[in-house]
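In what comes next, chain A is part of two complexes: it sits with chain B in the first one and with chain C in the second one.
Coming up: the complex of A and B.
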């Protein structure tokens, strides 16, 4: 039965979305401080305006709460789906005011791309963007990668109890690390803080050795660290990773990408002393197998090309992009046109598959996720075993994921369902690209990159691209980040509410 | 009498070091694998 929304539900949803919008406004104090510190007075005004809009709109929405505002599972799904939209709408305000975007829609595209940790961008002159705006763009990766709703409601507003759990699960995090959601959120931030600190130090030293001046070294290091650990992909330069021309930069950022694509539950187990879990875990093993197969494929593919067959090119243009694509980061050290012109078909398919498969569940990565391909593989083996076993035999599938788990039919069917939804979205986005006249390889590449929140671009994503395609990619980034269920729940609830109202209106 | 202090972050530090070591090793193995296959092409 479809359950529609009542007036009370709408007020509860508005309250929580309002709190989140206020939290986004609070986060804008960081780019504001950056602007003041860098003596960027116009951007400072942009962020004052952004904070005013977020604060005003957020407080109006938050004041809608009824006296007892307990969050049901359905409402939590809707809050999550709308929260990402609301955060992007207010997050785009200072970007639009920067004057570096052709329209508010382009700024919104960047905000959606930032919060969903995708990394596709429509900024016109990235190389001359103010520090404050770069800080905000990268900060959206950090906020989105950690999970907007959980980050805001558990840390900023100290929310606890069943409502917090529902929001946590609705945001594409299907497991709890610690019994308490607040402790879980804080553990996730603790791991992130350690990686961000280490990455920033390592890259600052690297940038200083490259000859950059101190302040710029630190900012570039901090932004690259956030972009890689939160598997985002934005960069402060239009050439992205290519700008640094450094194998050390690529090695350090790959370490951050792997750290970001690791399941936070796995981090928790390893950081609590169970280091063998990394080798026993079915998801870690599956991801390692994916990486090995795709690295072999990219090596085989690039070995036959004209420009990338040298040893360093295979590693720095091949393996680097497998890590970047598979983790969902999207840092690239190629010009967009080179993907389809110089990269070779086999290597290109390897990168496309890496993007589509994605990293681990409960991480900052996007895509189908390794646990789902592992479960589907286990399910296939179980089916074959059942087919050849005697009729009376009971064939059970087991796997090790943090603990010994017996595979249940509903776990397998959910994995298959999400897998199918990803594939349908990949194909639908590619069809949209084809309808706008783009070649098939570019259209498929860009569609998968958007849905799996990767950010690698074959050249379609640009300020001049058709408006309709901008909307298609924004929707793909949104539903891909939330793994479909929250968005489908929102759509179903709205449809049920409208139908219910029509029925009540009949004589 | 020997007094031992329990460091609550000991496991975290060792865990982090283990992760970083595995990441470096994994990167190296993937690079070698890609190189071997590029030579086959």
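Coming up: the complex of A and C.
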């Protein structure tokens, strides 16, 4: 039965969405401080305006219900789906005020892309963007990568009521590393802080050795660390990773990408000293197999091309992009036109597959996720075994994922369902690109990149792209990040509410 | 005598293709053309102009990288450090960078630099010095700040009232 929303539900949902919007406003104090520190006075006003708009809109929404209102599981799904939209709407305000976006829609596109850790961008003249705006663009990766709800939970921001657990689960997270979700959220941030600190130090030293001035060295290092660990993909320069012309930059960022694509539960086990889990875990093994096969494919593919046949080129332009695509980061050291012109079909397919398959569940990565492909593979083997086994035999499939698990039919069917939804969305987005007249390879590449929150671009994503396609990619980034269920729950609830109202209105 | 010189030149051009490229008249182009669709200029001598948007980045013994922006796209230029010292300013939010004319060999996929698309410069001329940009403060944005603050105050008071009255009010 479809259950519509009652007025009470709407008020509670508005309350929690409002609190999360206020939290986004508070996060804007970081770019505000950056602007003041860098003597960027006009951008400072952009962030004062952003904080003010987020505070105003958030508090009005929050006032719809008192604090500590109990949030049901269904309503938590809707809050989560709406929170990402609301965060993007207010997050786009300072970007739009920067004057470096063609329209508010373009700024919204970047905010959606930032929060969903996609990395596709419509900014104009990125090479002359203020530090404050670069800080905010990258901070959206950090907030979105950790999860907007996790970010708010860490601060125990207005979540003392019954909403914390429901919201946490609704954001598509299943880590219960510690008994309390607030403590779990704080552990996630602790792991992130360790990676961000190490990455920032390593890249700052790298940038100093490269010849960059100290302040820029630190800022570029911090932004690149966030963009890679949170598998985002934004960069402070239009050439993205190519700006540095450095294999060392690529090596350090690949390490961060791998860190970002690991399941937080796995991080916790490694942190506790159980490194064997890394080798036993079905998801880690599957991801390793994906990396190996796709790296081999990209090597073979590039080796056959006219241009990228050297070993060094295969590693820096082939394997690097497999890691960037598979982790969902989207850092790019090629020009968009090169994907379909110079890269060769086999290598291109390997990168497209890497984007589509994605990283691990409960990480900052997007895409189908390794655990699902592993479960589907196990399911296929189980089916074959059942087909050739005696009729009376019981064929069970087991796997190791943190603990020994016996595969249940509902686990497999959910994995297949999400897999199917991703494939449908990839194809639908590609069809939209084709309808706007783009070639098939570019349309498929960009659609998968948006849905899997990767951010590699074959050149379609640009300020001049059709408005309709901007909306298509924004929706793809949003539903891909939330793995469909929260968004479908929102749509179903709204439809049921409207139908219920119509029914009640009939004589 | 002229005939002999011509023959020797022809042999040199045929035997030494790299030198032949250097002898070509550079093709005047832009970064968008080089990085966009097939330019047909791989390995050719090119000349283009643009704004420097990076400090000199290390590029191996005696060499460095400058990134040059033109038409919204930037391209890496690999050049000897002595040549790069002509450049004093690079562009960012606060200032514009030196505008330079670069002459060099265009590599669609540079075997020497891990497959980067780049230009190996043979000459660089600074056409225009970069300067500080004036970035006026848009005080009208204070109106948004004020309006948002008023709405926030209204929302905060409503939230306090909702706390007192409860959800069923």
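Just so we're on the same page, the second predicted complex is superposed on the first by the 496 of 507 C-alpha atoms of A that agree within 3 Å, B and C clash if a C-alpha of one lies under 4 Å from a C-alpha of the other, contacts with A are read in each partner's own complex, and residues count from 1 in each chain.
Throughout what follows, a contact is a pair of C-beta atoms (placed from the backbone, for glycine too) under 8 Å apart; a residue touches a chain by one contact, two chains touch by 3 or more.
For clarity, every value in this text was computed on a predicted model and none was experimentally measured.
Aligning the two structures on chain A places chain B and chain C next to each other without any clash. Put simply, more of the residues of chain A are touched by C, taking chain B and chain C as the two choices.
In the superposition on chain A, A:292 contacts chain B only, with no contact to chain C.
Touch criterion met: A:275 reaches chain B, while chain C stays clear of it. Within the superposed three-chain model, A:434 lies out of touch with both chain B and chain C [touch as defined at top]. When both complexes are overlaid on chain A, the residue A:315 reaches chain B and chain C alike. In the superposition on chain A, no contact is made by A:205 with either chain B or chain C.
Of the two partner chains, chain B is the only one touched by A:194; chain C is not.
Looking at the shared chain after the overlay, A:49 reaches chain C, while chain B stays out of its contact range. By the touch criterion defined above, A:333 reaches chain C but does not reach chain B. No C-alpha atom of chain B lies closer than 13 Å to one of chain C in the superposed arrangement.
In the superposition on chain A, chain A positions 315 are in contact with chain B in one complex as well as with chain C in the other. Chain contact summary for the complex, chain A toward chain C: residues 8, 11-12, 18, 40-42, 45-46, 48-49, 51-67, 69, 97, 124-125, 127-131, 209-213, 216, 237-239, 242-247, 307-308, 310, 312-313, 315-317, 333-335, 337-338, 341-342. Those residues of chain C that touch chain A in the shared complex are 35-38, 53-59, 64-65, 67, 69, 72-74, 76, 78, 91-94, 108-109, 111, 113-118, 135-139, 141-142, 144-152, 154-156, 158-159, 161-163, 165-167. Considering their complex, residues 11-12, 14-16, 18-20, 22-24, 26-27, 29-31, 33-41 of chain B touch chain A.
Against chain B, the residues of chain A that register as touching in their complex are 194, 251, 254-255, 258-259, 262, 267, 270-273, 275, 278, 288, 291-292, 295-304, 309, 311, 314-315, 318-319, 322-323.
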